[in-house]
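One chain, chain A, appears in both complexes that follow, with chain B as partner in the first and chain C in the second.
Moving on to the complex of A and B:
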């Protein structure tokens, strides 16, 4: 059981570090004022999504790091869950933006998008929160599973 | 007596050398930008034309060599011709004697470029010749294309001078190439007037340095920017959609949501 907890701690700590790094990158890029992209990863550069969003991602990372030590304990588990919720907010809004953008046909285009236009909206690059989303789901699943087995 | 004569000779020689140096400096300032940065990395496709039976490729380097330097006006003229030819002939290779260029820009750089392309310049051995005319915005046809006269005419150059007609003689079809205002830095033409002609007053050393840096920036833009950023009436090409990447992500999204919902319902039941 202790070994299992250690493994979970390491995984959540790594996730926390990566999340903090993404948050800082978001804030720094927004401070410079120009969005930047690395093939499939795009760090937004505007003040709202990049700056404010960067703070949210940064705090998600800090929640992960502060709660990773003994995730079996309810206070730590809630911190980790809180971190995941923050990631969901960011990734959720990004995905929602993608969905709403993919349906209409553009400014001068038809009412509905073409199939290639529709699928093209979901093409890379993606914001850091999208990459963090599956891991945040796994972490919450792990916490819930642990709570049920108690 | 001998001493006086040798002193006189020395003075004459000094005067001659100084005059030659001053003259060469004037020519350099007039035509090019002394102390300008080396050219940036750029990739410009050559202009391909048929000179009679011979297919030839004209590069910006060749034009620069003919003129003496790759300057702002030369680059602009080269890009304008490239665009005009692509708009009128599309994928066809134009015959040199079917090309007619009407320029409103009275500068040596653009003149040498257009003359090199149309084969109408001095010292060019070509099988055929196109047409090149310089007609100012007020309708004046410039026949005296000496450097001195062009310098005089370009004194009040502005964005309105950067317009060129590239025409297909056989069909009479023409395409007007107009340079976008934002290609030039703010106050560039006023600064040019000050630095090159001392109008309304001579430029300070700071203004000269600023003009040099602006000149380099504009030349870089003409060498490296796409047509739609340089010229009016050229649409920005639409980015091709990465359909497969989008399809993969969309599938993951749908499958993920389905699994999540089914997991939640399974736990409830």
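Moving on to the complex of A and C:
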């Protein structure tokens, strides 16, 4: 059991560090003003997604780090779960924005988007929160499983 | 049947034995998450994230999907050109009021190319009401209802209690404040949850001056998306500064509150549907007539030359003190009927970015729309007169300060 907890602690700590790094990158890039892309990763440069959003990603990372030490304890587990909720808010709004962009056909186009245009909207690059989303889901799955076994 | 005290207690015990289950209390994950949302250190970042989600979904749904995606195309590409052709009497008074006020170039009447410029009742009026305001209001109230039913709003009230005490209010003032972001009218009614006259007066005055309604936010998102953050920043700063001053000068008490914070729960869809329908339908009963009436009144005032005359008279104040073009007199008159309509009007006036920012802030803090005005009158004429007096001072001072800030940073 202790070994399992140690493994969970290390995984959540790494996730926390990566999340903090992404949050800081978001804030720094938006402070400079130009968005930047690294292949499939896009760091938004605007004050809304980069600045405000970066602040939220940063706090998600801090929640992970502050709760990772003994995740079996309910208060620490809640901090880790809250870190995941913040990631879901960021990733969820990014995905929702993609959905809303993919449906209409554009200013001079038809009413609805073509199939290729529709699918093209979902192509990379993605914001950091979308990459963090699957990991945050695994973390919450682990916490909920632990809560049920108590 | 009369029971002695002992018999009464025995009866209570026997009922309690039947209905109460005893067990050991265990602090659950849900409880711990609930605590995180009310502690300032963790609750503030969460509140900031919730606001981000709220605003992002609002912009994506109302702006990107509904208004830009479909309604602009429908109204500008089909509805406006069709009405311009089929409606007789181009250039006449009736045509200008109902379809297109247009413009004169070298003595020739020029038709508008979009519904923001046409300003007819059946074109701009319907576009603003249905194409811009409807999606904004629907998504705003949907998210607000979800937050209420999940159980986040009481936690937000606890979290913000200390801050709101600085301006003479308490945590529950967050309810009228957030409701006001949808529409000021139900928000004025919601001020009744505050205990004292002082609190109700401060809340009513602040929401009438500093909180833009959902319709106005929708229009701002559409016509000045780059400036909306700055406009809101000016309004938030004004809300707290003038709230602080009002708390110092208005006599009366500002008592503490005890809030029962319910556990987080899954929202019931039937409740959400009912609340959403009730709020959206009542908003539309109030808003749509005023948008359409606003178009008629403003067009008549324009055609009669009143707006031009008013602009000339107020030019020294507008240009010298507020630093905005004198043409903004028209939108300020329209703002009394509908503020969203006024922001739409501002978007077609030529001015610098900072002037646009100042003008939109002025429209926001200027007189509450007539529907809110009527609602405030229902709450008490003394309060209304007091609010209007505060408002006049605030508009003059704050408008001048914004101009001064622009001058100091070299953008005005």
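Structural remarks
The rule is simple: the second predicted complex is superposed on the first by the 150 of 150 C-alpha atoms of A that agree within 3 Å, B and C clash if a C-alpha of one lies under 4 Å from a C-alpha of the other, contacts with A are read in each partner's own complex, and residues count from 1 in each chain.
Here, a contact is a pair of C-beta atoms (placed from the backbone, for glycine too) under 8 Å apart; a residue touches a chain by one contact, two chains touch by 3 or more.
If you're wondering where the values come from, they're calculated on a predicted model, not measured in any experiment.
Put chain B and chain C next to each other and count what each touches on chain A; the higher total goes to C.
By the touch criterion defined above, A:123 reaches chain B but does not reach chain C.
In the superposed model, A:89 lies in contact with chain C only, and not with chain B. For chain C in complex with chain A, the residues that touch the partner chain are 26-29, 31-33, 35-36, 42, 45-46, 48-50, 52-53, 55-57, 60-61, 64-65, 68-70, 72-73, 229.
Chain B contributes residues 241-243, 245-247, 249-250, 253, 256, 260 to its touches with chain A in the complex. Residues 47-48, 52-53, 55-56, 59, 63, 74-75, 77-79, 81-82, 85-86, 89-90, 92-93, 96-97, 99-101, 103-104, 107, 111, 143-144, 147, 150 of chain A are the ones touching chain C in the complex. Listing the residues of chain A that touch chain B in their complex gives 95, 116-124, 126, 134, 137.
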